[in-house]
Amino acid sequence: MAPKKLQVGAAGLGRMGKRHALNFLNRAPRSQLVAAFSPDPEEIQWAKQNLEPYGVTLYTKYEDMIQHPGLQAVVIGTATSVHAEEAIKAMEKNLHVLCEKPLSINLDICNEVVAAAKQRPHLKVMCGFSRRFDESYRAAYRKVENGLIGRPSVLRSQTCDKHDPSGFYVEYASWSGGVFVDMAVHDIDLTLWFFGSDVVPKSISAYGITAVTPDLKKYNDFDNAVGIVEFHNGKIAYYYCSRMMAHGQEDVTEIIGTEGKLSVNLNPQSDLVNYYHAGGITREVPPHYWGRFEQAFVKETNEFVDSCLDDTPLPMKLSNAVKAVQIGAWLQESLVSGKQLRFDETGRRVEAAKI
Amino acid sequence: MAPKKLQVGAAGLGRMGKRHALNFLNRAPRSQLVAAFSPDPEEIQWAKQNLEPYGVTLYTKYEDMIQHPGLQAVVIGTATSVHAEEAIKAMEKNLHVLCEKPLSINLDICNEVVAAAKQRPHLKVMCGFSRRFDESYRAAYRKVENGLIGRPSVLRSQTCDKHDPSGFYVEYASWSGGVFVDMAVHDIDLTLWFFGSDVVPKSISAYGITAVTPDLKKYNDFDNAVGIVEFHNGKIAYYYCSRMMAHGQEDVTEIIGTEGKLSVNLNPQSDLVNYYHAGGITREVPPHYWGRFEQAFVKETNEFVDSCLDDTPLPMKLSNAVKAVQIGAWLQESLVSGKQLRFDETGRRVEAAKI
Amino acid sequence: MAPKKLQVGAAGLGRMGKRHALNFLNRAPRSQLVAAFSPDPEEIQWAKQNLEPYGVTLYTKYEDMIQHPGLQAVVIGTATSVHAEEAIKAMEKNLHVLCEKPLSINLDICNEVVAAAKQRPHLKVMCGFSRRFDESYRAAYRKVENGLIGRPSVLRSQTCDKHDPSGFYVEYASWSGGVFVDMAVHDIDLTLWFFGSDVVPKSISAYGITAVTPDLKKYNDFDNAVGIVEFHNGKIAYYYCSRMMAHGQEDVTEIIGTEGKLSVNLNPQSDLVNYYHAGGITREVPPHYWGRFEQAFVKETNEFVDSCLDDTPLPMKLSNAVKAVQIGAWLQESLVSGKQLRFDETGRRVEAAKI
Amino acid sequence: MAPKKLQVGAAGLGRMGKRHALNFLNRAPRSQLVAAFSPDPEEIQWAKQNLEPYGVTLYTKYEDMIQHPGLQAVVIGTATSVHAEEAIKAMEKNLHVLCEKPLSINLDICNEVVAAAKQRPHLKVMCGFSRRFDESYRAAYRKVENGLIGRPSVLRSQTCDKHDPSGFYVEYASWSGGVFVDMAVHDIDLTLWFFGSDVVPKSISAYGITAVTPDLKKYNDFDNAVGIVEFHNGKIAYYYCSRMMAHGQEDVTEIIGTEGKLSVNLNPQSDLVNYYHAGGITREVPPHYWGRFEQAFVKETNEFVDSCLDDTPLPMKLSNAVKAVQIGAWLQESLVSGKQLRFDETGRRVEAAKI
C-alpha cells in the first residue's frame, strides 16, 4: 500500500505563496497539495492553470479551505497581517502549520500564536527562517558544534537587497515593521542559532540613513541601517541591512570564535562562471533572495513534512521566531529614537540612565 | 482533468540508476515512475522499500519491464555494456529513451543506436551529458552566444576525481574504455557544444602516467592523462583527466575567445563556507561529481520529460554523444600507443607520415 | 652634480623604528640616512652593525641627534609617549618630521603638535597612516573619485590582529589608549579619507568583550570591540577591532555608495598560492600588518622625502591624524562607559538626554 | 669603514634595461650602479637625466663600459641577439654577469656562454628567470620540499599576455624564437625547478593557431599554442601560451602531486580591490608582467648582488636556463612542423617511427 502523503493546503498565492504551493506540489515527495486559498482573483486564475489540474481544490475563503476533507497541514504565505490569525484558526482545526515569517510584526500577537501552539503539542507549528535550512549555514553550524572555532563570541551578519528603484519599498515600509524586523530578523535568528536561543540582550543600539530613498522617512524607515546587540554572556552581534546594493543580493554572515572564524557567502555569486574582459574579471550575483535560498526553501518544505508525518521534532522552535522579531523590534525602536536600549540580566528593559 | 504524466520505467538500480529512478519519481513533476528493472537481488530489495510503495512495479527482466502497460519512456542506468541493446529494444517498443552515458564504448554499437533512433524520429532518444544541464555551463554558453568573448578558439577542460585508494578503478579500467572515454568524454562534449558539433579533428595526441595506481597499466589505462585535439577550423581543445586529486572533484573548463574568456568552476567549493584557522583559510570541495552536478541531473530529467510530452526538440543531439565517444576513443588510442593521430579535412584518418 | 638627498635622522630603533630607518637608508633613493638615535643599548648594538657601516652616526640622546650637521628631517619611531615632544623639538630645529602614529593618545598634546606645525608652514610634518599609501586603498579611492560608486554612504572597516597568547597585549593596554585608539584609528582615518575630513560625528557608540584575554579588563580594554559612528551628513561608519584572529592579520574595508560598493582585502592572503589537500583548499594569511603593508610603508617614506625636497603638499593633513585619534578616544570612552555619546552639528559634545 | 658595494654596469637601456639599471641604482642597497651603456641616443638622453646625476658614467660602446675602473659586474638587458657575446666579453674582463633571458635563441650560442662560465667558476653568471624569485612560487616550492603534495607528477603552466593590437608582436616574432622560446620558457624553467633539472624529455608535441594575428604565420609563429612534454621518469608538463588575453597578464601554474596540489596565481588580480556594480563584482588584472613580477625582479637583483659579494651559490644554475631554451626550441619545432618529437632515455633525439 502506498505510504500516506501529508495532505496540505496552501494559503496565499502571491509571490512567496506560489513558491510554497509549488514546493509542496512538486518538490516534496511525501506531501500532497490538495487545497489552495487566495482572496485575489488573479491569483486564483494562476491557480486554475497551475494547481487545479493536479488535483488541488481552490478556495477563496480561508475558513473554507481549512475544512477541506482530510487536510492535515497548511502552509501560510498570505499577507503578514493575517499570518497569526490564520495560524491559530488552523491549529483550532487540528492542522499542522508552516507559516512564512514573521508570525506578526506585533509581539503580543506573536505570543498568542506561541501560546496556541503550546496548547496543542501534538501539532507541528513552524515559522520558517530559510537560512536554517541552507546547506552552507548548516555546514558552518556543524563546524561550530565540532568545536572548530572554539566559543562563538562575535557575529556579524548582513541582509542586503538589490536596489529597487520602483518605489515599492516606500509603501511596503508602512506595514513591514521596518528594516530590522523585515530584513535583519534573519540575521537575528542566525544569532540565536549560533549563540544559543537563551542569550539575553544587555544593550541594543541602531542607526540608519536614507541615502537613496528619502521618502522612507515618512514611515520612520531607512534604506541602510547598522545595529549592535550586546548580550549578557559576553557575546556581541552586529548587523547591517541595506536596500541599496547595485549588484544584487548580498547576505553575509561571519561567526567569530575564540579559536577560529567561519564566513558564509562572503563572496556572493550567481553561479560558477567568471567572465574575463578588458575591464577585468567579473562574476554575477543573484538579484534576489530566491537565487540564493531556493534550495533552502525546498529543504524547509521537506523537513516540515517529515516532522508532521513522523512526529519528530521540528528543526527550529517557534519561540525563537518570536524572540528574533522581539530583538528586531527593539533594534527598530533604537533606530527610530536614536537611543540605546538597555536590559538587565533577566532581560527586563531598564532605563539607560539607571545603568 | 489532470494533465497526463509521462509513464517511465527505470532500468538498472545501481548507484546512478537509483538516482535516475528517484529523480523521475520525486523530482520531475510531469513524470510518473511506474516500473523499474534490475537483475540484482540487492537492488530489487532496495526498490521494494523505496520504489514499490509509491506504485512502481518491479521487474527482474528488462524485456518484461518494457512491456509494462502504458509505458512511454525508459531511463537506462544499467552497466554500459548493455546500454545500446536496451536502448534499441526500448525503441522497438516505441519508447522514448534517456540513456546514461556512454551508449557504448564501441563506436559501431553507438552508431547502431543512432541509426535505430533515426528510423523513429517521433521518439526522443538522448544520451545525457550532465554538464549540458548545469546552470553554470549554460550561463557561460549564453555569454558566448551573446558574443561576449568573440570567437571561441581555445578550450581547456579537465575532469579530475578524488583519489579512491580502494583499488576499485583498476577493475573498472578493464571495461570502462579508459580515462578519455570514461572521464574526458564530458570535456569533449563541452567542446562540441562550445565550438560547434561540426568541428573536424586535424590531429589528436595524448600522454599519460600511472602515478598512484601502477596496476592500471595492465588494462592499458592511466591515472593522469593529458591530451590535445587540434581542429581543422583553427581551434584547439586540451584536456586533463586525473583520478589522483586529494581534495575532491575538480571539473574545470575555460573557454578562451578572441575577445574574452570564461571559466567555469575554476575555484571548486562544496558550499559557501570559509573556515579561518591557524593554518589559513580553507574551503571544502565536493568529493564526487554528484556534489557538483546533482541539480544538473534533475534538470536533465525534467527537460527530457518535457521534450517527450510536448514533442519539442531535445536539448542535445544523440549524434554528438557518439562523436564525443569517438574523439575520446581516438585520444585513448593515442594515449596507449604514444602516437599522434591525424585526420584530413573530411575527418578521414590519415597516416602521420603522409601529412 | 649629484642631486641633493634629504638628510634624515631616525629616532627610535625598536621594531617599527628599525623598519623606518632601513626604509630611509635603503628604499628611498632620494634620502640619505645620516643619523640615528636610541636610548636602548641593544638597539644601538643593532645599529652599529646595520646602520653605522653605511655612514649613519649613532646617538644615545635625541637632543644630540637633531643637532647633527646638515640634518633636514627626522623620522620618529620611538615610544608613543615621547612622539609629540620629539616632533616639537625637531620643528624647533627647523626639521621636517615624519612621526609614527599616533602623535599622542592625549588629545591636548596632539593639538600642541598641530599648533607647532602651523607656526612653521615651510616644514613638512606628517603622522603616517600606512593605509593611505597602500596601492589597493588608493585604487579604491580613485574609483570613488571617478564616481563609480556614487556617494559613499556607509563604511565598514576592521583591524583584526592574529591572537598573541604571550600576554604582551595586557601590559600594552596600560598605555596604548585602548583598541579604538590603537587599532581602529586606521579605520577612522580611512573614514575621514573616503567621507571627507570635514565630517562631523552625530553619535558614537561602542561595545566590547574580553573573550580570550580577561586580564585586559584591569586596564579597561577589550580583545574584541564593535563601534558605530553616525555623522551629521547622513553617513555611517562602523568598525570592528579584534586581537583574537586564529589565522592572521585581517584588515578589511568596504565603502558602500549609492551606486556601487568597493571592498579592500575582503579575502586576505599571504601570497598567490592555494594548497589543495584532503581537507579542502587552503590559502595562508599574513601573520602581521607588515606582511600586508610593507610596500605602503616604502611608499610613505618616498612620498615624504619627495614632499620635503620638492616642497610639494604632503599626501595627508596632520589635523586628520588628530581628528582620527579624537574619534578613536570617543569610541573608547563609549566602549568603557557603555554609554552613547552625542554631538551637535558643530561637533560640540551634548548630553544624550538633551537630544 | 663602509662595506664595499658591488660596482655594477648596466648594458642596454630599453624597457627592461631601464628597469634593471634602476633596480641596481635604487633598490639593491649593496650595489652601486657606476656605469651604463646604450648605443641608442634616446636611451642615453634618458640616462643623462635619470642615471648620470647619481654618479653613473654613460657609455655608447659596450667594450668601453666593461673597462670602467673598478667594475665588478654587469647586468645585460640589451637585445637578445647580443646577450651571449656581451656575457662572454664581460667574463673575459673578469666580471660577474646577470643576463636577461634568454642567453640566445640559438642553442649552440647558449652553450658557448655556459662553457665560458665553466672556465671561470669564481664568477657568478646568471640568466634570470623572474619567477624563481617570486614570493608565491617560492612559497609553493617550500611546500613541495616539505612533502605537502607528495611527488610532483603533473605540471600545468601558462604564460598569457594581454592582447596588443599594435602589431608589434608580428615583427617581434621574426627574431624572438617563437612563443615557446619567448614565453613558455618561463613555464619550462618552472618545470625544471619543480620536477628537478635532471628530467629527460620522452616526447614533445605542440599545436597552435593564429586567432587574432594571422600575420604571425609569415614568421612561423602563433598567438595561441599548447604543448605537452612527457618525461622519462613518469612526469608530464603541459603548457599554454597566448598573446590574446582581453583582461591582462595571466600567468598560472599548477603543480599536481601524488598527495596534493598547489596553484599559483590561479585568480590573477592587480590589487585587493573588488568593485561591486550593476553587472556583478569585478577585480582588475595587471596588464603586463611587470605588474605581476616587479618585486621578483627586485629580489633577483639583490640575490645576485649578495652572491657576488659573499661568494655564495647563485639561486639558479646557468645550465638550467639553457635546458629551458632547448625544450622551448623543441616545442617550437613541434609547433611549426606539426610533428611529435621523441627522445630516448639519454635524451638523444630519435625518429618517431623508431619508437
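Lettered A, B, C and D in written order, each chain numbered from 1.
Basically, a residue touches a chain if its C-beta (ideal position, glycine included) is under 8 Å from a C-beta of that chain, and two chains touch if they have at least 3 such contacts.
The UniProt protein names, listed by chain, are A, B, C, D = Gfo/Idh/MocA-like oxidoreductase N-terminal domain-containing protein.
Computed from a prediction, not measured in an experiment: that's the story for all the values here.
S.K.: Where the contacts of chain C and chain D overlap, which chains show up?
M.R.: Both chain C and chain D are touched by A, B, going by the contact rule given at the top.
S.K.: For chain C, which other chain has the most distant CA centre?
M.R.: B
S.K.: As a quick test, compute the distance in whole Å between the mean CA positions of chain B and chain C.
M.R.: Inter-chain centre distance comes to 57 Å.
S.K.: If you average the CA atoms of chain A and of chain C, how far apart do the two points sit, in angstrom?
M.R.: From the centre of chain A to the centre of chain C is 42 Å.
S.K.: Residues of chain C that touch two or more other chains: which are they?
M.R.: In chain C, 149, 245-247, 259-261, 266-267, 270, 275-278, 284 touch at least two other chains.
S.K.: What residues of chain B sit close enough to touch chain D in their complex?
M.R.: Counting only chain B, the residues touching chain D are 149, 151, 153-154, 156, 203, 205, 207-212, 224, 226, 228, 230, 234-236, 238, 240, 242, 244-247, 256, 258-261, 266-267, 338-340, 352-353, 355.
S.K.: Chain A touches which residues of chain B in the complex?
M.R.: My answer: residues 1-3, 25-27, 29, 53-55, 135-136, 139-140, 143, 148-149, 259-267, 270-278, 284, 295.
S.K.: Residue numbers of chain A touching chain D in their complex, please.
M.R.: 245-248, 250, 267-270, 275-285
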